[in-house]
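Shared between the two complexes below is chain A, which pairs with chain B and chain C, respectively.
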Partner chain A sequence: MTVAAGIGYALVALGPSLSLFISVISKKPFLILTLLSSTLVWLISLIILSGIWRAFLPLNSTSWWPFAILIFSSVAFQEGLRLLFWKVYKRLEDILDAFADRVSKPRLYLTDKMQIALAGGLGHGVAHAVFFCLSLLTPAFGPATYFVDRCSQIPFFLVSAIIALAFVTVHTFSMVIAFNGYAEGNKLDQYFVPSVHLAAGMMTLINFAYDGCVIGIPLLFLMAILTLMHCGRMVWRRLADNQRQGIS
Partner chain B sequence: MESSILESIGQEIIGVMSPVSLCMLLVVLLVYSLSDSNSFSSAPIRTAANLVYLENPSDTAAQKLEGALLNALVFVILIAIVTFVLVLLYYYNFSNFLKNYMRFSAFFVLGSMGGSIFLSIIQHFSIPIDAITCFLLLFNYTIVGVLSMFSGGVPIILRQGYMLVELASSRDEELPALVYEARPTVSRNEGNPRSTLGFLVAGVSDSGSVELQAVSNNNVRKDGSENRRSPEYAAIQVRNLENVEGERNRVGERSPLVGHSRERYSPDSNSSEYSTVVRNRESEIVVDEERSPLVDMLGMDNEREHEMRDPVVASRGIKLGLGDFVFYSVLVGRAAMYDLMTVYACYLAVISGLGCTLILLSVCHRALPALPISITLGVIFYFLTRLLMEPFVVGIATNLMMF
Partner chain C sequence: MDIKNFFLILLFSIWFRSSLSGQTNSMESVPDLQKSMYMAVDGYPCVRLVNLSGEIGCSNPGRDKVVSPIIKYKNNKGLAQPSAILLSMDDVQGFFSRVSNDSSFARNVGGVLVESGVAIQHKQKGFSPAQKFPQAAFAPYLNTTYEWNPIGSGIMWKSYNFPVFLLSESSTSALQEIAMKNEKAEKAYTKNVAEFDVVMQTTKVGTHDSESCLTEETCLPLGGYSVWSAVPPINNSSSKQSKPIILTVASMDAASFFRDKSLGADSPISGVISLLAAVDALSHVDGLDDLKKQLVFLVFTGEAWGYLGSRRFLLELDKQSDAVHGLDSSLIQLVMEIGSTGKGLSQGNKTFFAHTKVSSGANEALDALKLAQESLKSEGVTVSNASSSNPGIPPSSLMAFLRKNSSTSGIVLEDFDTVFANKFFHSHLDDSANINSSSIVAAASLVARTLYLLASDKKDLTNSALSAINVNASLVEELISCMLKCNPGLSCELVSSYIKSTNTCPNHYVGVVLGEPSSTPYPDQVDDVSRFVWNFLADRTSTPKGNTSVCSEDCAKNGGLCIRAELDGKGVCVVSTTRYVPAYSTRLKFDSGTWKVLPPNSSDPMGMLDPVWTESNWNTIGLRVYTIQEAAYDRLVLLGGITVTVFAYLAIVLTRAYITKALKQD
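Let's look at the complex of A and B:
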């Protein structure tokens, strides 16, 4: 529906990440590199998953359980990759600290580590938004629009943009929670992230029913808000602890 | 609180990657906006790429193959001849002629290709503009382009912008322009290092107006030439240094001749003409040699094939040749003709290849070709995305299931 609508859909999906990018990440080149590499990792995971599942496609779109298996396996794989990402990050942190010692600058602050985690999460989120939403948006720049009967009230592009927005939030902040959980050894955080991701994925299965998106999407946003709040609380607590430690 | 290292680390890499990304973005936009109107134009234009054989869809496969090989052979011979002529001119000190020729060809390229794209855009978007205004604007744009590229006192952003636009426009497949990089045919002249250095566009590391990065002690110096003899000459200055020696800060490669030959389609005559653009402003270095200590230092390791840059000298920043920009943009533009998903995948592949090359550069302190890793990754990712990922993602996304 014309260029304006196309740009609108793109901004619905990516607006918050764009503002996050401009305000936080674009200032530090290293964070941009982290974002690019985490996007690449997500892309590779998607390619591997599609390689594994290629033989079973196209899936029969009347039964929901193949999709459930697909989503479950995909989420499991991606969470496994997140663990790998964490291990690589640990090594990187050591390298950066050694480098900082060499040029006699202070080591990485807590806020630095959180920013790196944020950049990593944002990379995942942006990759999700681009591959699941933006790449399908090209027809939206034309004169017509498209409806799917799973969600017949609003155009398909808008639905996918809204879902992408929720997932961007989930991905971005769950990375911060996950890194913090691994760093502190906090089991709650460590298990929180995969379960939220899985729950969010499963919520989209609700879309399978006719007009299911009326229920599915608000629930999805509930997950996103949950992630946001948990992340906010955790960051606040850590920063307060850090400050107290710094002062004392 | 002291500033942490996170503020400044990785700046050079981003400095290289952002022009590349911008150029690719420009190309993708051009492809998307002009693809509908230009897909099935009139009869194919005879250019230097098809001097001998013009492809006809009804020919047999054998005929096409033979014709293609013949075209390639003629093309290569033509390029070799022109390169040879240029090197001879260099050798016999026709520097003024070459300088003016460079300016003229930059003018012509900007004018003709910019003009074609401008006209396509006007046609596509039905912009109401009359011929005289259009001509005036184009002329203005071209002249400013030439001025910004070849003279001092022009803000560096403008110069970089023009280079990007020129790169992006020259890669537009609709136009019969072919960007080709000439291979030098003259062996390195081990003679007087100064003069050769002064003259030949060779991989002289350009003078240092480059500030040393306090943080990164990588002695990175890369000229992104495809191989040692690939003529990448003008490099986009990766840092926005306000120095006036910006113009001298060019090229990073070691080939004696940097030829950027294009074939142009002249609308008035129905033949294609060649112009070899030597975009090397090295000729201006001649007078300024004293001002560039880097040039002196490098006099010794000039034209050798596998030279090792002096580490001190090397910490002048990273330079990427223009041909690399072109080929990256060609790849991404090609991907754009299929789908946005492939564009993004190829973009990530190219950027990660570039990142790998830069890392390798900091390990091996010698100039490296920028193309192999990126292009390989780009091609692999393109096919993987197109064949594997797209059915997967589109299948589940249109069912509104995402993860």
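Let's look at the complex of A and C:
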């Protein structure tokens, strides 16, 4: 591979995030701050998890169930952190609304709240992509390529970029769904997010099987599209409801 | 209750941990990933050597690494694109002659990888990349078309502008697999390539002859340090030396197409081993001080590259320099050279040939050889005169002596008569399997007894006196395993009791002259074999036996030498006459930090013929193998990434516009 391929892989993993950043997030400084802080929170969660799991590493790569436990515990921890993130955000929302009242400016619109959630989710997604794909990409800029035995049709770097893209999508839109679920008290949305996150995580275990990536990756993308569609439907419903009620 | 729970959790976590951490062959970091992408191949390179008029050897064609796909050589097929060619030993000669003759074929040769391993065919035919008459220009006779080495193809004396590597045995099988994978072309857009890094400084700077490269300091001259030793030690304080000198000579440097695999077992290391064993045998004889003649043993280096050792020795003798202090060239009565002695064994008998130019001194030596042969009759040792149909002596250091002074009496003892018995002359296949230790022992016995006969000058020596001179066969075996095998190699007991060697696998390429040549060089200027020979000879020729002390400053003052100085402890002080003599071209002079080529001088006829060999400098030499994707695939990936980004951007913009429009908000 060469510089061209290296840039290509980076764009596959992070291109849509870049587009989202440029078109939506960069317009409002508060969103940039939200994105950075959620990236930081996600990385801290990884540090804590790795601190706990360090004692058990390296895992035996021939059996898959230790990895299942690893993924389960990590997802559970991160979902718990998401709840915490939500609580912090709620307090921040109250502070911002109070401030807006004092200076006689309008309060946070629904779209603003959704954008904040989007920024939070994007922060998680970018952190995942950088940590699990970009950090491995340095050898991709050299002349050689690499194929893993168990997924010998596609170069390794392409596989990791595609998986990172799927996870970015899942993380970004899950946050919107989750914040909405907590705000509305909608149980479906509240349980949807952790389940999808866990399912997506477990699906990566399919890659352990010989040529499993041929099945695993499309399934992962299915999860991503599911998240996207559910988010779209939920957003549409909320905005339609809002309009009908005349609340701006 | 709580404590019980706590213990349960502790037990669970311990069991869990022990079942989890197990053997993994997975990577743990990005550097591990990088390492598994690139496979480093160990091999022996062919490097660029430069002389006064041009170059030989191999090099990358420019400053960059050469990257080419690996294919196996088929001599009936051409090459479609620049490739790295995997050659088997049988095809080597045919391949290189094809490269020299067919320039369109040569253009597509990116690099060459030569397999090594057990192949029977070439073992019977023989393989020699040297010339048919090695160093013919230096012969003291006119017939330079005589073929001493008829198998010689001369391929190592041509210049190639592509890198060539000899693979080690383990790499050979790995690369054969890779070549097969390339042929099957399982994945259409990937190729397995070899990356050669044999960038030579002379190519980079553009200095293609010795004079310019020495001035630009992009190369160094070939050379090393010869060793001489006197039996018994020459007493400096006594009155002028008047004993006639018998010089016994051997050479310790070999050459090969691949500089790091120059073993030269039969030619010439068997001769060195015979010489060392003969010295050892003679050192056990009493009454050496009463000998009528002075025995001097001389081990030259650099002989394969223009007789550098012998020519420089003769020049130093003329200049009466420190290196040869105690030797008077007018006293040299006979030069006995021990050539190849490893292949004299046939059906239990060991046969050797004495090549000589007819003279009275030579006749005397031949008579002594015959007497020595008589005493060794029970062991089936025979010495015959070389055939008179030979044009003269075979390529040997004696040629340098004869060119200097054509009346020198000399004999060359070889294991062949009209053509080399060595089918692997100057090739990497001239290894310990090519020689026989009993042949070397026989030659050493012959030489030791002949020298004793000549030096004691008693025609009626009894057989019992001669039969007291015996060569230690186990010493010869040990020397073979130290100097010609990788295991134990130069870390064997014998060698490590004298020096601390830098490499384990012995290599007898002469190397380059490091720093300023002097008669008292530092240990890091002299290579392992020379240092071992110096220590061994100093030890064996020292008198009196057993009177040794720890080295101190007084040692040199009392005419002693410090041997075993590199080991822990200060070394041992012995009384011996053993010295280094620098070996480099007589046309070169080391002047204020750089080498200068001297103009040809008619008083040095061999110097006028000397090509003045130098070796190019280089930064690193390496060979890697990895898989690449085709450029089209890379561009496709880039396009895919850009498409995904642009598509996402458009989708987001559209969604935003749609939402804004649908809500009629800002």
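Keep in mind that, in the parts below, the second predicted complex is superposed on the first by the 246 of 248 C-alpha atoms of A that agree within 3 Å, B and C clash if a C-alpha of one lies under 4 Å from a C-alpha of the other, contacts with A are read in each partner's own complex, and residues count from 1 in each chain.
Assume a residue touches a chain if its C-beta (ideal position, glycine included) is under 8 Å from a C-beta of that chain, and two chains touch if they have at least 3 such contacts.
Since this is a predicted model, take the numbers as computed values, not measurements.
Engineer: After lining both complexes up on chain A, report clash or fit for chain B versus chain C.
Structural biologist: fit
Engineer: In the overlaid three-chain picture, which partner chain does A:Phe99 touch, first (chain B) or second (chain C), both, or neither?
Structural biologist: In the superposition, A:Phe99 touches chain B alone.
Engineer: Counting residues of chain A in contact, which comes out ahead: chain B or chain C?
Structural biologist: Touching more of chain A: B.
Engineer: Using the superposition on chain A described above, determine whether A:Leu136 touches chain B (first), chain C (second), both, or neither.
Structural biologist: Once the two structures are laid over each other on A, A:Leu136 reaches both partners.
Engineer: Check the residue A:Leu59 against both partner chains and state whether it touches chain B (first), chain C (second), both, or neither.
Structural biologist: Both partners.
Engineer: After lining up the shared chain so the two structures overlap, which partner does A:Thr2 touch, if you call chain B first and chain C second: first, second, both or neither?
Structural biologist: A:Thr2 sits against chain C, while chain B stays out of touch.
Engineer: Considering only the touch criterion stated at the top, classify A:Tyr109 as touching first (chain B), second (chain C), both, or neither.
Structural biologist: both
Engineer: Given the touch rule stated above, what does A:Gly201 touch, chain B (first), chain C (second), both, or neither?
Structural biologist: In the superposed model, A:Gly201 contacts chain B only, not chain C.
Engineer: For the combined three-chain view, what is the angle at the C-alpha centre of chain A formed with the C-alpha centres of chain B and chain C, to the nearest 10°?
Structural biologist: 70
Engineer: Considering only touches as defined above, state whether A:Leu219 meets chain B (first), chain C (second), both or neither.
Structural biologist: A:Leu219 contacts neither chain B nor chain C.
Engineer: Can A:Val12 be said to touch chain B (first), chain C (second), both, or neither?
Structural biologist: A:Val12: touches chain C, not chain B.
Engineer: Can you give the closest approach of chain B to chain C, taken over C-alpha atoms and in whole Å, for the superposition?
Structural biologist: It is 5 Å, taken between the nearest C-alpha atoms.
Engineer: Both chain B and chain C contact which residues of chain A?
Structural biologist: Shared contact residues on chain A (touching chain B in one complex, chain C in the other): 57-59, 61, 109, 135-136, 138.
Engineer: Along chain B, where are the residues that touch chain A in the complex?
Structural biologist: For chain B paired with chain A, touching residues are 1-11, 13-15, 17, 214-215, 217, 339-341, 344-345, 348, 351-352, 355, 381, 384-385, 388-389, 391-403.
Engineer: Which part of chain A faces chain C closely enough to touch in the complex?
Structural biologist: 1-2, 4-5, 7-12, 15-16, 18-20, 22-24, 55-62, 66, 109, 111, 135-136, 138-139, 142-147, 153, 155, 158, 165, 235, 239, 242-243, 248
Engineer: Given the complex with chain B, which residues does chain A contribute to the contact?
Structural biologist: 27-33, 36-37, 39-40, 43, 46-47, 49-51, 53-54, 57-59, 61, 67, 70-71, 74-75, 78, 96, 99-100, 103, 105-109, 112, 115-116, 128, 130-138, 148, 150-151, 156, 159-160, 163-164, 167, 197, 200-201, 204-205, 207-208, 213, 216
Engineer: Considering the complex alone, what residue numbers of chain C touch chain A?
Structural biologist: So the residues of chain C touching chain A come out as 13, 16-17, 19-26, 28, 30, 33-34, 36-38, 67, 187, 190, 195, 626-629, 631, 633-635, 637-642, 644-646, 648-649, 652-653, 656, 659, 662-663, 665.
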